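Below, chain A partners chain B and then partners chain C, in two separate complexes.
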Partner chain A sequence: MSPPILEAHALEKRFAVRRHRDPRARRSAATSVLALDGVTLHVDAHEIVGVVGESGCGKSTLARIVCGLSTASGGSVRYRGEDVGSLDKAKRLRYTLAVQMVFQNPFAALNPRHRVSRIVGEALMVHGLVPAKEHEACVVDQLARVGLPADSRDRYPHQFSGGQRQRIGIARALAVNPEVLVCDEVVSALDVSIQAQILNLLLDLRASLGLGSMFISHDLGVIRYLCDRIAVMYLGRIVEEAPARTFFSQPAHPYAVALLAELPAPVAGKRRFEPIRGEIPSPIDPPAGCHFHPRCPHAFDRCRVEQPVLREIAPGHRAACHLHDRP
Partner chain B sequence: MSPTVCPDGASQGATSEGHFAAEAPVLRVAALRTEFATAAGIVPVVDGVDFALARGEVLGIVGESGSGKSVTAYSILGLVEPPGRVTGGRVLLGDIDLLALPPEALAAIRGARVSMVFQDPMMSLNPVLRVDTQIIEALRAHGSIGRHDAHARAADALARVGIAAPEERLRSYPHELSGGMRQRVCIAIAMLHQPEVIIADEPTTALDVTIQAQILSEMQALCASSGTALLWITHDLSVVASFADRVCVMYAGRIVESGPVDVVIGAPRHPYTRGLLDSVPALAAGGRRLAPIPGMPLAPADLDAGCAFRHRCARASERCALAPDETFPAPGRTLRCHHPLDRAADRDS
Partner chain C sequence: MSRQHASAMAIPAVGPRARMRAFFGTSAARVATAALLILVAGAVLAPWIAPQNPFDLAQLDILASRLPPLSRGASGALYLLGTDDQGRDILSAILYGLRISLVVATVSVSFAFVLGTAFGMIAGTAGGRIDALMMRIVDIQLSVPAILVALVLLALLGRGVDKIIVALVSVQWVYFARTARAVALVEKRREYIDAARNLGFSQARILVGHLLPNALAPLIVVATVEVAHAIALEATLSFLGVGLPVTRPSLGLLIANGFAFMLNGEYWISVFPGVALVLVVFAINLAADRMRDVLDPRRTP
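The block that comes next holds the complex of A and B.
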């Protein structure tokens, strides 16, 4: 079996805590936060992998590291089986172009002083990917792929709506013919009707280009619609990973179960909320043992002292929970 | 649980109307019109909005950005600032018209009889004042109260919205609290004077799903126990479905469809409501492709006299160049459409 296109292997990321800045840190002896704690995840061609979790669980940090926008403190990012830290210059460039990111906020991700032709075409020019005289045509092709008219290229970002700007962001990522798109909350700033248009666009792009994607979202409804495989993160760790069908029918980790139970659905008659208690603990001072135990309805003594490891509980289905630890 | 829960969720017509028909509504909004002066001229952002809110009822107002849902809320409490101006209609709290009141009289009602919870608690709490200062200020704004009593009531208010260790939290500054905690403080302040109506403008949008579920369940319990009516403004149809008794769907400043939530969501008649439901990914599970509404809403300045949705509507005809009148297809339901979807149309067809 050939190695996956993009793989995060035992990734760790530590951020220094600025004690005088953060009131939560004053009460703690910690000097750093472990934002990612041994995260292993891969993306194949043609596959959309969903990463779901609440604010502060490390999902955006993961996205930035696999794209090369931030460096890991431990572990490695592998492109086609090779550690990207040890690639030579040519291979490094190939990786950089192969993994492209689409950002959350389409208002902040586009330079307001550049025309769309430059936003979409700049990477083509810098890397000399197309001859100069084909440059304009290539930009128009990219815009057509995402459903924008050719005359958009002479306009500025402020002349577009949020959904159209997100399309420009996707066109920019597609311009260099990537193999993997890393999408960080790309639809959460959009209205539902526009959000649905973008989700369908992402599905079309996969079908036509065979792109793999890492799709990061807090919205399980979106994840369910789009993704083939799902990883749930909680305080820097992956607590469950499963094929989408398995995940939505038989979630294994109590946190995943709770998230699914709280997914408000536009189904008339569902009138009860059974929220899990408490809030996400501060990552500066995470609970010992299983990070989820203070909020877990099934926690027992072992959860408070021993950190559960992510292990396979069924083919392709991994969970980090002592409840599934039986031999 | 709210008093109008329909246990099996079946759609049997006007479920909530039955309970409240005998009682006069606590809040009635009639023909509300709010305009904004822009470079392109005077633009109506809220254009003839009518609804009524009964005691203890949860009314959801759903719409996308720019539909006028927040401006509707602001208009009710006289919070619209220039270049915006409320130019018509009535907002009746009991038999008082809030739009006709002088500013001081309105200020006496705001926060006491009708209060508001905003989307971003970081913006609505003062960052340089402790939580106790802010709660006690709100208490004293509507009546004199001694220091010890005020402190006790403040602690009690926090405890009621599910904040653990309220005494400790009273001494905190807003930045020391999490987003969910801050929103709870705002809700506690809104509930201080047992208002008749709380207007909540996307209060859970900025929160994580687990925290959103906690806040929804607490709001549901609080309103059921105190009889406070709740006007819940949101872009999220799924929150409304599981929470509200009735729902108004807004598009371009008008209510295009309203009725009991089970009926509107179970059998929408307006093509826009149908399109919104078809855009929600959670409903499309099972490999079905989302059917998004094509195009995007027109800017308010580009609207004409006709149906504002007709440019995106598959059912539009020449008739739609004239604005549809409000019709009442069933008790407690309203609809503005020349070509409504068939009553019996099944969502799977």
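The block that comes next holds the complex of A and C.
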């Protein structure tokens, strides 16, 4: 079996804590925060991998590192099996272009002073991806792919709506023939009706181009609609990873169970929601053992001292919970 | 997303010509540009349109000194704005003075703009120790009064147009450096810069092609203020006798020359060059303000 296109292997990201600035940090002895703690995840062609978790769990950090926008403190990002840190210049560029990010905020992600033709076409020109003569036509092709008219190319980003800008962002990424799109909360800034259009566009692109995607979101409804495989993150760790169907029918980790329980469902008479007990702990001073134990309804002694490892509990289904160790 | 939807948004054409049209959309901009054009034309064409060459001592009539506006000299020449203590026609002196003031100010501000912006943007994007070191240099320069730096430099270099330009540039680049750094710090965190990095663009391309255009608006404002500063600073230096020679009077020097006669009621020697100075600074300010509005596509009317 050939290695996956994009793979995060035991990724760690440590941020220094400025003690004098952060009141939470004064109470702890820690000098750094582990935003990612041994995250392993891969994306293949034709596959949409969802990453869910509360804000602050490290989803966006993961996205930035696999795209090469930040560097990891430990572990590695592998592109077709090769550690991207050790690639030569030409291969490095190939990796950079192969893994394209689509950004969360469609208003900040497009350069306000560039026309759409430059936003989408600049990389084609700079890297000589298409002959100069076909340049214009290629830009129009990319715009057509995301459902924008050809005359969009002479306009500036501020002349478009949020959904249209997100399409321009996708066209920019598509122009360099990527293999994986990393979508960081790409629909959370959009209206629900527009969200559906963008999600359908992503599904169409997978069908027509065979693109793999890492789809990061806090919205399980969106994840359910889109993803083939789902990874749940909690305080910098992946606590469960499963195929979508299994995940929604038999979640294994208590955190995943709790998240799914609160997914709004049309149940007659249901008027109350049970939030997960307690606050998400500070990542500066995470709980010992299993990070989730202070909020977990099933926590027992072992959870307070021993960190559970992510292990396979069924084919393709991994979870990090001591409950699954019991016979 | 149909064609219909896109065209329904009625987007104004954006381009150099459309920008020009937008620029002249307000009467303030039209008046300012007209005033500026007249002043600049007067300065440029001074040798051909001025009644007299104020630098040519042979043309000066010492008997016609300190004549009030609209009086005639012995030769019958009309002194529209009067004459100064050396019998120099004030109108001619203003036209020639404007020429010197404008050249000195624009040349020095241009150099300061390029140097300071490059310095500030490199500091802002590099961050960390490089940024700290570069900005301490700026702080040190700013902690010493500009006039003092210029005075010391001119004392070392001597007098002359090129020397005063060097002095002005070395005083003014810091303002551009500070502004450019501040803007770079904000803009480099924007997602469009991440997007450019994600497309594998070189650092230089991102800096010049992506970041700089978004940093221009505040820098233009600084440049305007600095043109005014340059004119004022040059005048001060000339007044103190280390700037331009008295035989080549700039606007500032003309004001200084006439200052002594203000109490005698001979206001015209100082006031008319002063009015010219205020006009030129005001017109540049108005035009630049409008330019900033037009250059920022988010604010295109």
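Going forward, the second predicted complex is superposed on the first by the 321 of 327 C-alpha atoms of A that agree within 3 Å, B and C clash if a C-alpha of one lies under 4 Å from a C-alpha of the other, contacts with A are read in each partner's own complex, and residues count from 1 in each chain.
The rule we apply is simple: a contact is a pair of C-beta atoms (placed from the backbone, for glycine too) under 8 Å apart; a residue touches a chain by one contact, two chains touch by 3 or more.
Since this is a predicted model, take the numbers as computed values, not measurements.
Applying the stated contact rule after C-alpha superposition, one finds that A:Glu12 touches neither chain B nor chain C. Of the two partner chains, chain C is the only one that A:Gly147 touches; chain B does not reach it. By the document's definition of touching, of the two partners only chain C reaches A:Ala109; chain B does not. Contacts of A:His218 after superposition on the shared chain: chain B is touched, whereas chain C is not.
Of the two partner chains, neither chain B nor chain C is touched by A:Glu82.
Across the two superposed structures, the residue set of chain A contacted by chain B and also by chain C is 163, 197. For chain A in complex with chain C, the touching residues are 64, 67-69, 93, 96-97, 100-101, 103-105, 108-115, 122-123, 126-127, 147-149, 151-152, 154-156, 158-159, 163-164, 167, 169, 172, 176, 197.
Interface residues of chain A facing chain B in the complex, by the touch rule stated above, are 23, 54-55, 161-163, 191-197, 199-200, 203, 218-222, 224-226, 248, 258-259, 262-277, 279-280.
Only residues 1-3, 6, 9, 11, 14, 190-192, 194-201, 205, 209-210, 213-214, 297-298 of chain C touch chain A when the two sit together in their complex.
Residues of chain B touching chain A in their complex: 1-2, 5-6, 8-11, 64-65, 175-176, 178-181, 208-214, 216-217, 220, 235-243, 261-263, 265-266, 275-285, 289-294, 296.
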